[in-house]
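Here chain A shows up in two complexes: once beside chain B, once beside chain C.
Up next is the complex of A and B:
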């Protein structure tokens, strides 16, 4: 097996690995108020994202430092999703630190914060590039541990500390489950390498394999907030700072779903049909519970937590399809989901700076800030899957993939659940559009950067789905 | 050239939204003029194209569009990930429905001239809604069709909840969620149409050439039919319509009752019955049983109501029941009657809601017991209302008569006892319709004039134009229906052929 280090395709990964060290390192030699780390972070992330677009799809496999590493088309597109999430998360955190946790700007902290986001992103990249269980596990941990730190960022906040404690405890249990699953898988196959495991699985199954699958799904269930392991999500989403919640809901979810995609279409591909009922069950219960939980929420971030639990259920539906369709659907949906979710979190972040983050503080938004109200409606309708917004096409992809193997029952269930989802998204839109303004709420003021980000994301949500050249070109040459 | 114009029908409204976006709120007149101008342009284009479709009836259509006779056929690859194409085309039926929509949108924009609240957003939403309806009638690709079909949900809630009256949040939610429920049932079956037929295409013409497996049809047809029936308020899915219509602003009621409820019936005919004719033959006789509620009981409920919009909503429910009676008859005359009724009812209910909206703007109540003698103060609006009522109860000379009598003839030809019984009941229920319409007109328009209405004025020129145009359309269809039936027959023939060629055991009907 050749080393990848002398190939061009590895450059973005190496840069991404070095990136957090550079950003945090530079901060050591800078003045307290210097904007240099922020500028370098901005430049670096965008440069890596641009570089990614020059990688030819379906590239190669080899050694990268201590791990077996591969760069394929799914991996490259996942890297792009993760990078978009990281860039948007970085911009959102600028908002957060400029305003500060208690009204004082804390821009000096931003370098470490961005460093942690970059580590989490690199973890996601590792998961999609891994060719063996060890790298796979390392990736998952690199993706998760920075999130623990980020959740507890605001150390004076009691809610945040509670959320972080909960998250760490739950996360560690999940890790233990996964490790247990991995060990059984190793015991079953006698190898850590994916292709050898796949051969062993294809040769025949045994109870040991099913036990391993069960533990692996339990473990990832925590991270992907699947039923019945979703209970930590609302508390953590509410307790963490807004940018962390956003990163958590996109990067972590994307990493976890990539983990499942790699697993189901990699080592477990020969038994995909056998575990399909299990996936369908998890998908159905998760989206139902998420939708049901969101119905009665009155706090914005708890609401988003349940909404993203439901979205995880929808994504699971796609795993029932054949590999190409499922991967296409999931990548496309993650793009759409990232954009819609970040749009919502940008709006909530702005509201959170001036008001309490509840439905009640959205009142009169359409009269005081019609622009924000429109952006919020676009984001919510997109998450609810109403055409012609991107969310609809994302969900259509997912259901298309699920239905292609004849799983009409779960697709029909998921589609009908959309009505339930539409109800609570309408509930939020109602607060912003219908309820009369509260006397003591003053109109929100936006900075130029906030306005441009919100406008860009809104336009993206409106046109990503309907413009064919975007969705067609993203997947041009997508074959496995 | 005509093809480009045809595609512009749905692009112009969206373009108007973009043009209207940067206009400052300080110039509402300018904004409204732009929207009215755009609606008039679309109306002119659609009228011209309708004439073209009528004139082209002898010329063979595009080969690619067989077996349907489609004009202005456009086929562009759209979303390659699931082989969806942008396919639009016009045959007689959808061209006439497009014309109906263009008239109603034009009237709706003129009627909501004085709407309160943020006018820019309101008119933008109306235009998006118009795009959605135009798109549904134009598209022959199921994904495109569904995208347009579901788009209404985006506008309806905001329009009703922000600009409506009464229980607007409740009404808006009820309407949006019920319609979304219907469209999710449709979406659930669409995937099956794609994968089960073996055609791997969303193209309605391609799909109609294949025969779907029977066990799939047997569950998919009722699901899809019900999904479409929700938006046409077929019993037991009618409950959203009275609350939704009464809470909605005038233009939205006009659009919802006038054209959106037809989208369901159109979908039943064009998608459900056309693509799954075998199951349609088996299931439709049972649908007739549900129609007893719509057609027979609907008017009775309308008699008991005092709110003008509730009365009109129940009258719409009963008229839409007649459309389904025509569809379920499965005879060419029945289908033609159903299509005629779609168009005729669109105009008449548009006129109904328009006059009600204008009267409500002046009296600030829709309760007929509080009104009286309005004819003396507003003769023009009063006459408009009465004419709409006459058209609704099927007075010869208006379009309602032609449409309803065609449906009854078509339904009676159906060799099933149940259908015949329902048809007879439906004919009798016209009397009930006459009761509530005359009773309403009597209470509202005649009798003593309450003191507070002394200062009311009749409609202004803008409102008069709307009423005159809609009445003219009703009369036009009623007096010379020949050319419309000609256009309809050309597009119904392939659908009926497909249904009659269905090889499954002939229907036994219930008790027939």
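Up next is the complex of A and C:
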């Protein structure tokens, strides 16, 4: 009976692993115009997401399948975040396979594209399920490698190829750091397994451990776009196709932050207090640099790159808190961030289909397409953390988690930075709402899918904010 | 009582509903509907208030206090809880009736008066907002609630004075009224903070049942100085009175009230004569037991009231603007009410007749003054000017208005059996019984002045030859919607004194005081005769000057051959000019300039620097982002090194 239960909770993972093979496999057998792979992909992703919701939460320690695959509350909720990101990313990408956008040609091979997203998602799932260093590292790589491919998906676009080259080169160095850190950690603890490493860390520290910590954080700093490892992000976000940028900014970031959560509250839990200043420094510098960089951007995706760098800094603040509170805050914020960010990207996507993706293209949006302008304002205000939108409560929990262990300085700094952030988010809203319309801009048209997704996401952002108790299951999951 | 509680909710909710419905939905679209809604709902409110009052006074429960409902609003520390509730006692019930009834009359009147205004709907919405705030004020169970509604009343007054915001004078008058009363209110708030801190409660019942003895011990640290708790209470009582000082436009904070006449006349009639301006008097009356224990505060109140009374009456004798005469008359009458409250205190003893007299005068004054303003509005509506120069001879054209005006003027002059006689007589008696003989003399003098300026207005407006082309040509008629309220209000102006006298003497008594009361009061049966005699003489003088066949009205109105004393009075003792001088030279020129300089140089400078610095840093971040791969790879290595040395890891 218990083995059956165990089997149940792993079904979504197995499905997710098989899923890309099915989608790509089916494409081999049908016409390249066929919509079958797209439909199956939709069905599969949604089914997996629904199945995830059936996994009971509040299960304490989590359940082990084989010795190195664990399903706990944090893991389940992270899976849901990743699946939401994958589904929305897939929907966002669909239009780019029908016609070109933002001066880039049309993309091809949607089945493979979705497969790559699924692989990346599975990588994230592996990270949150891992119980030893090897699986952990594998998960991170599985999550990263499809991203390289996705960045260069548009083969005819030279900028994309350039971005992908930068990405893969820098990613390799980061991976090397990561491996170096893991090897030192192994050398320090004498074991690959998290629980044993934790015991070893609790027993006493040595420079070996701190070197490992330094390199692990620097390596993951690349993925999480921490200062000063973020330099790839603006170029890659700009060069990659828009849906890939969106997936990068949510899935990749969620995976990276999950990696840190697992690390800090798992093997490194006994020394959390000692690495707290380091985390605070990383958080502070990152959010400051991200905010500064975003100040005078004119290209939307570059702007979003800096915005997401800053957001990574905010999320880092929560890592300073006690385990339960930090996990809750981070999960909640990732949900909110995913929804708000995708809402912004959908709006930018629509603009990109007809115009250039720049601030200037937003001018007079409120008069031409008030609906889109409202959606844009909602997403920007949410990202900026203005009550009563979801982003406010998300940030509140992040900061609360940081403050609950007495790290007031970094929380105060983050709050101050939020003012800076408000400045550039407002600039975007100003373009859409205040600036006079430009007659030369092509009018915007929305497909049915775009409209329904934008409406749903806008409502979600507002509702989560106005009725924060709706997300109670997140808090209940941690007995919070 | 359940029925009464429901009714008591209705009293408030109807005006609030009117405000919301008219303000948000109906007002802009359909002015007619807005007027109907306003009249209907305010009618319900007035009816409920009258029923509640009837039930209350008919029950055995009568002079006691009751709290009909109370909700916690903000719990501060411990027992200090701000509540919103409804207090029922003779005073608040009387005010409920007055406010709702006057409000109903004014709403009906406004149908006629505002008929061609472009923002009629907004007017009705704001008027109901005012009623709601005023009702909340009079039933307040505690200082905190009172302050909330006090400010709401101020806001609605501001909005209504500046209702014709296209007129510059209206805008500046509304600003003046708001700023001046806000200035006084800031002291009020300080007083509330101080008293509630010392006493530990906002509740009127607690504050009113204090005795000074327990406060002799202990001190309060107020930052700059330390004072005993007893003195702190006395200071608090003066501060609280300052709120009423401004709101009731007592000298020298009186200048806003005459200028507030820039608002539409119905507004002047409800806000600046009958209800809002008596809030200050009401505040003192409400906290009367508290004021009695607070040293000489009541004496201060008496002198402020007495001075305002004479001062305003003198000015009123010279004015030409009909509304301003009434405004100064209002000031003078408010002075009467204030001094009656203050005159209760005789050294350490208290005689409570003044309190009864004052509340009685609030009651009667509301009707006849409201009526007078409505009449003034009617005249202005017909002759299109406020100036008495241009009126005259309106008696035949507006007979109903004429009779009602006569009733109200006889009432304010204190001629029996009109209402004002009874209440004013009691006030004069109270001053006499309080053994404040100087003030007593002033009240008699002012009584004469009042009669004089009211009859001056009356004769100049209604008698003599028409001086206005429109009146001569016969374009003047009485508007139905405007005349009905005037006629209705004439009834209480006539009868509220006789009917109310018994009621007030029986129920409007202060029960429990922590100071000795003077039980054996001086009798003065001759007093009414003296007062009436003075009034009759004043009336005769007015007749001689302005209405007798021999009177040279042209000469009386001529502004050129005046003595300098007359000019000083006519220019209101140059008080407006003094205010402007102080405000311009001292506040704008001195304090504001320094503050502005500090802001421009220091604050703006720091801000500009912060912005500049942030932008420079932003430029730095963007310059680093040159797209040059070796540099990017370098950052990875450098990053590790940076965090190796600065990451605060114990390496």
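Keep this in mind: the second predicted complex is superposed on the first by the 449 of 480 C-alpha atoms of A that agree within 3 Å, B and C clash if a C-alpha of one lies under 4 Å from a C-alpha of the other, contacts with A are read in each partner's own complex, and residues count from 1 in each chain.
In this text, a contact is a pair of C-beta atoms (placed from the backbone, for glycine too) under 8 Å apart; a residue touches a chain by one contact, two chains touch by 3 or more.
Since the structure is predicted, the reported quantities are computational estimates derived from the model, not experimental observations.
Participant: Return fit or clash for chain B versus chain C, each positioned on chain A through the superposition.
Facilitator: Overlaying the two structures gives a clash between chain B and chain C.
Participant: Figure out whether A:388 sits in contact with chain B (first) or chain C (second), or with both, or with neither.
Facilitator: first
Participant: In the superposed arrangement, does A:324 touch chain B (first), chain C (second), both or neither?
Facilitator: neither
Participant: For A:109, using the defined touch cut-off, is the partner it touches chain B, chain C, both, or neither? Pick first, second, both or neither.
Facilitator: It touches nothing on chain B or chain C.
Participant: Figure out whether A:434 sits in contact with chain B (first) or chain C (second), or with both, or with neither.
Facilitator: A:434 contacts chain B only, not chain C.
Participant: According to the stated criteria, A:416 is in contact with first (chain B), second (chain C), both, or neither; which is it?
Facilitator: The answer is first: A:416 touches chain B but not chain C.
Participant: After the superposition on A, what does A:177 contact: first (chain B), second (chain C), both or neither?
Facilitator: Only chain C is touched by A:177; chain B is not.
Participant: First (chain B), second (chain C), both or neither: which does A:295 touch?
Facilitator: It touches chain C, and chain B stays clear.
Participant: Going by the contact rule set out at the top, does A:213 touch chain B (first), chain C (second), both, or neither?
Facilitator: After superposition on chain A, A:213 lies in contact with chain C alone.
Participant: Answer with first, second, both or neither: which of chain B and chain C does A:377 touch in the superposed model?
Facilitator: Once the two structures are laid over each other on A, A:377 reaches chain B alone.
Participant: Touching chain A in the complex: which residues of chain B?
Facilitator: It is residues 77-82, 118, 121, 143, 146-148, 150-151, 153-154, 157-158, 161-162, 168-169, 173, 176-177, 180-181, 184-185, 187-188, 191-192, 194-195, 223 of chain B that touch chain A.
Participant: Which part of chain A faces chain C closely enough to touch in the complex?
Facilitator: Interface residues on chain A, with respect to chain C: 165-166, 169-170, 173-174, 177, 205, 207, 210-211, 213-215, 217-218, 221-222, 227-229, 231-232, 234-235, 274-275, 277-278, 281-282, 289, 292-293, 295-296, 420.
Participant: Could you list, by residue number, the parts of chain A that touch chain B in their complex?
Facilitator: Touch residues, chain A against chain B: 328, 332, 366-367, 370, 374, 377, 381, 386-389, 392-393, 396-397, 399-400, 403-404, 406, 408, 411-412, 415-416, 418-419, 422-423, 426, 429-430, 433-434, 466, 468, 471-472, 475.
Participant: In the complex of these two chains, what residues of chain C are touching chain A?
Facilitator: 614-615, 617-622, 624-625, 627, 629, 631-633, 635-636, 638-640, 642-644, 646-651
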